[in-house]
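Shared between the two complexes below is chain A, which pairs with chain B and chain C, respectively.
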Partner chain A sequence: MLAACFLVGLLIHLVPGDPVEVMVAKMDAVSPEQIHAIREQLGLNAPPWEQSANYVWRVLHGDFGKTIFGREPVLEFLLSRLPNTFLLTICGTVLALAIGLPLGFLAAYHRGSWLDNLLMFISVLGVSVPAFWLGLVLLVTFSVHFQFIPVAGDGPASVILPAVTLGLVYSAIIARMTRSAMIEVLTEDFIRTARSKGLPERLVLMRHALKPGMIAVVTIAGLIFGYMMGGQVIVENVFSWNGIGRVAIHAMLQRDYPTIQGFIILFAAVIVTVSLLLDLVYMWIDPRIIKS
Partner chain B sequence: MSDAMVQNSPETVQPVLSVRNLKVSFEGPKGRAVAVDNISFDVRPGEMLALVGESGCGKSTVALSLMKLLASPPAIIEGSVYVKGREIFNLSKEEISKVRGKEMAMIFQQPMTSLNPVLTIERQLTEGLMLHEGLTRKQARERARENLDLVGIPSANERLNQYPHQLSGGMRQRVMIAMAMSCKPSILIADEPTTALDVTTQAQILALMSGLQDEFGISTILITHDLGVVAETANRVAVMYAGRIVETATSNDLFSNPSHPYTRGLLGAVPRLDALLSGDDMPSRLREIPGNVPSAGPAVPGCPFAPRCDRVKDRCHTQRPTPVELAPGHIVSCWEYA
Partner chain C sequence: MKFFRLRYLNAIIGLVILIVIVGAAIFAPMLAPFSPERMFTGPRLSPPSWAHLFGTDTLGRDMFSRVLHGARLTLYVGFIAVTIGVVSGTIVGMIAGYAVGWVRGFLMRCIDLLYSFPEILVALALVAFLGPSLDNAMIAVGISRTPFFARVIYSVVLVERSKPYFDSGRVVGAGPVRLMLRYLLPNIIPPLIVVASLGFSTAILAAAGLSFIGLGAQPPAPEWGALLADGRDNMRLAPWLMLYPGFAIILVVLAFNLVGDALSEYLDPRQRWRR
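Now for the complex of A and B:
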């Protein structure tokens, strides 16, 4: 993680321009001396590797620095936005699972039928539709036209549209994953054993097929969750959702180095946490893992 | 073929299982492939019938279609199967579920993959009992424990809480047997139950199966390619070749007087210790049957073994041989005897 942190620090400098340029672009009559002074003050005159190494050193001591624009402590600034993203991610993942799992299951069970073909056709559409387009369509339909739901804001009602957008887009992926995982499980010998015991088809599916089939689905759901936690740059922007994704995109546009680096570290931490949680879920699903 | 076999049965006891004109085919890109070609047989109460044949002769297909466990489509299953006189192929899905596990149970070839890896042994042993006999969870667990004792699994109580991966292959096959036996079915179908196990375990499992068969009077269909297994355990043998039954006899008759050229070929390919000891006209090497088992294709009009047979005549290629009873209960489908 530290190595990642150091590398990101270097890579940022590959992008032309720096925060001071962005800052002074909006002001008139700034002398080169003043610019140099600001850079000196922010430590931007040192070579990139030195800046990056210094940053890693400070992070090791728990100091994530301050944002260049606003001079707020980076960590607190990011953490204040995290709950919003977290809420959106939870709602989006739950929706994606709620839509994707049953449909994928249905498609697998009726493999090769018209229902399977129809569902998979829809899921191709779902995967290909850009999130911003879907978001805008939903926004125009429900907020502008019917005025059901507020256009933007942080209230509980305004989470609906972004969550639906994310849920729809990712449910397509989850449906496809569920379908292929379930098709594989349904050809397993133990499914035949379960049928040979005279279990009704419902029990064969719910008790014998679902749990082993979930292993692959849990993996992809975990990845999606982590990815969404990294900020839904597009969706958060379309719905003016004050999450971490918007912060990240602003920081990048303004070359706000400490914020970008802080975001990367936070993102990495989230991914690590998610994969730890995933391992726990695997253990619960698959008893073979505990042994080895 | 079917009628001859039924009428000539030496006993008049009602068979537990009667299979009539069972035909299983698969619709493929090259037309219809016939895997099981019009076979009929009976299983009498308490007997063990071995279904013997090479890989690909359709014996597992017979087993699975008896339980209606073949996915259909693609399989096309014709004919009728009577369990204690009741036809089961016309039953609805719900009704056939009540036959499976209760009247007819099955043991599979691969104990490694036939148990669900994510469910406890208890769960897998009790669900049939709770379903078919309406037991409570506690009662079912008690019965499951008894069943594990019955199949010789030590410390049954602990085993119940374990998962399949914590058991050895032999233990898993014992669990499979306990599972199949749990509702005391009338018919047990064992599809190559010992193939995946090592030799010592094989012997134990076979001993266990014949013990249970004697104790509870369960009729067993043992599907195997291993003639040694047949000689040790089965009462009667049906030899299958390319989807047909070519010879049926008691085990003793079959081994002392193999009559179909294919059966003779099979037995000739088995190493025998007694021939070695007596030393009389011992062949220097084992005989093999020339050629290969035909892959499933369209049904042949004549005898399927004709291309490999050393006594082939013209009509073997064109006419299907009619079954002939050589001795009571010893039936052969070969033009040599007609």
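Now for the complex of A and C:
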């Protein structure tokens, strides 16, 4: 985590561009002295390693600096958008799991049949669709053409389209992963034993296949949550969803480094937290893991 | 039996699509009715017609010609990004698999650190710092794929180095470089081909995404992601503008996925590298 911060701090100095130049380009008639003064004020004159070390030090104290353009504190600026992003990610993940898990399970159960082949072809197709394109198509169909749903904004109705976009795209991946995980479970010896005991199929699945299957599902859910956090950076832009991804892209186009740095660090923090939570859930499902 | 034939069919569909697209990319200047950058070839924002198969954009440029020329860019971007990712991933993965002790520990820590982030985010961060351009997008996508390739190669090398031929190489006195290049490399080529072909699809998707948000190809380059961004601005007046570049992306990515899946099943039916 610390290493990531330092890296992020150092990364900027590999760059040819300079935010001050972008800023100055928008004003007219600026003297070199003024540019120097702005740089001094923003702390851009110190040597790179010193800036990076300073940056890590300040981040440790909870100070992410201020955005170059709005002069707002970066952390508060980003945190204010985070709930929107979480809302979208959670809706998307739930939707993706709701579509992908049953389909993947169905494909695994009827492995080799035409249904399996059909489902897997659809999911390869789904994996191949760019999320932002699907978003645009949905947007044109439902907002522009039928005018069911507002085009942009972050009211409760506007969450539907971006969440559906993310949900559909990632359900294809989930279906594939669920299928291979469930095939593994269903070919285990204990499933055969359960069947040969004469248990009804429903009980075999509910009692014996469900629990080992759960571990796979939790892994998949965690992975998908991470992917979705990444994928949504672009999807937010399609729908003008007022989340952290949109802010980040905006900052990237403007070379607003403190914001970009803050964004990356915040993201790293979220991902680390999620993977920690996942480990806890594993232990809860399967206490054997604690011992190993 | 039917099962196998179906798998086979998928691969053939994928190959055919690929050949058509590669052909379209190579012969784009001959096939395209207009130059992709020539403006006012017809009325602006005109819907698809015989003169303009995919319609025209705001500047009256012929979309069919633009999409066709975009195939070149897309394949080129995919190729360079995959090459960067595969080469650097192979180097890192091989060294990590060959070395023992702190070298391996250090390399694997670094890989895990990068791997824990979503790839698109790594690519975004890199482009943000390198500056928006198609070249930088390719580099960023390539680097963002490196940890994935490195991990695959690492696990393959671990298996290979425990085989007798590796020890026999040691016994005859081959040095580390010779062991890696002459003994290990030929044996990791098959899995390398599989991950590379599957990597193509992710690389193309990622690069198109970057171009779409303006961090990749810059206008007037007819990159498909950039074309989609254009189409987005005109989606009320001319929704067809964003339809065709999208179809094009889906076709290419689908083709690479189908071929890659078939290859991985053919070369190693048990192991699946696909996440």
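Criterion: the second predicted complex is superposed on the first by the 287 of 292 C-alpha atoms of A that agree within 3 Å, B and C clash if a C-alpha of one lies under 4 Å from a C-alpha of the other, contacts with A are read in each partner's own complex, and residues count from 1 in each chain.
FYI, a contact is a pair of C-beta atoms (placed from the backbone, for glycine too) under 8 Å apart; a residue touches a chain by one contact, two chains touch by 3 or more.
Being a predicted model, the structure only gives us computed values, none of them experimental.
*Asks:* Would you mind checking whether chain B and chain C clash or fit side by side on chain A after the superposition?
*Replies:* Chain B/chain C on chain A - fit side by side.
*Asks:* In the combined three-chain arrangement, what's the angle at chain A toward chain B and chain C (CA centres, steps of 10°)?
*Replies:* Approximately 80 degrees at the chain A centre.
*Asks:* Does chain C touch more residues of chain A than chain B does, or is it the other way round?
*Replies:* C
*Asks:* Output check: A:L199 vs chain B and chain C. Expected answer is one of first, second, both, neither. What do you get?
*Replies:* Touch partner of A:L199: chain B, not chain C.
*Asks:* Just chain B (first), just chain C (second), both, or neither: which does A:H208 touch?
*Replies:* Touch partner of A:H208: chain B, not chain C.
*Asks:* So, does A:L125 touch the first partner chain B, the second partner chain C, both, or neither?
*Replies:* After superposition on chain A, A:L125 lies in contact with chain C alone.
*Asks:* According to the stated criteria, A:L280 is in contact with first (chain B), second (chain C), both, or neither; which is it?
*Replies:* The answer is neither, since A:L280 touches no partner chain.
*Asks:* For A:M229, select first, second, both or neither according to whether it touches chain B, chain C, the two together, or no partner.
*Replies:* Second partner only, chain C.
*Asks:* Is A:A269 contacted by the first partner chain B, the second partner chain C, both or neither?
*Replies:* Neither chain B nor chain C is touched by A:A269.
*Asks:* For the overlay built on chain A, what is the smallest gap between any CA atom of chain B and any CA atom of chain C, in Å?
*Replies:* Least C-alpha distance: 9 Å.
*Asks:* Is there a shared patch on chain A that both chain B and chain C touch, and which residues make it up?
*Replies:* none
*Asks:* Give the list of chain B residues in touch with chain A in this complex.
*Replies:* Within the complex, chain B contacts chain A at residues 64, 67, 69, 93-94, 97-102, 105-106, 108, 110, 113-119, 123, 127-128, 131-132, 163, 165-166, 176, 179.
*Asks:* Looking at the complex, which residues from chain A come into contact with chain B?
*Replies:* Spelled out, the residues of chain A in touch with chain B are 188-190, 192-201, 203, 207-208, 211-212, 285-288, 291.
*Asks:* Note which residues of chain A are touching chain C in the complex, please.
*Replies:* Of all residues in chain A, those touching chain C are 3-4, 8, 11-12, 14-17, 112, 117, 121, 124-125, 127-133, 136-137, 139-140, 144-145, 173, 176-177, 180, 223, 226-227, 229-231, 233-234, 237-238, 248-249, 251-253, 255, 260, 264, 267-268, 271-272, 275.
*Asks:* Where on chain C is chain A touching in the complex?
*Replies:* Against chain A, the touching part of chain C is residues 3, 6, 10, 113, 116-121, 124-125, 127-132, 201, 205, 208-209, 212-215, 225, 228, 231-232, 235-236, 239, 242-243, 245-246, 249-250, 253-254, 257-258, 261, 272, 274-275.
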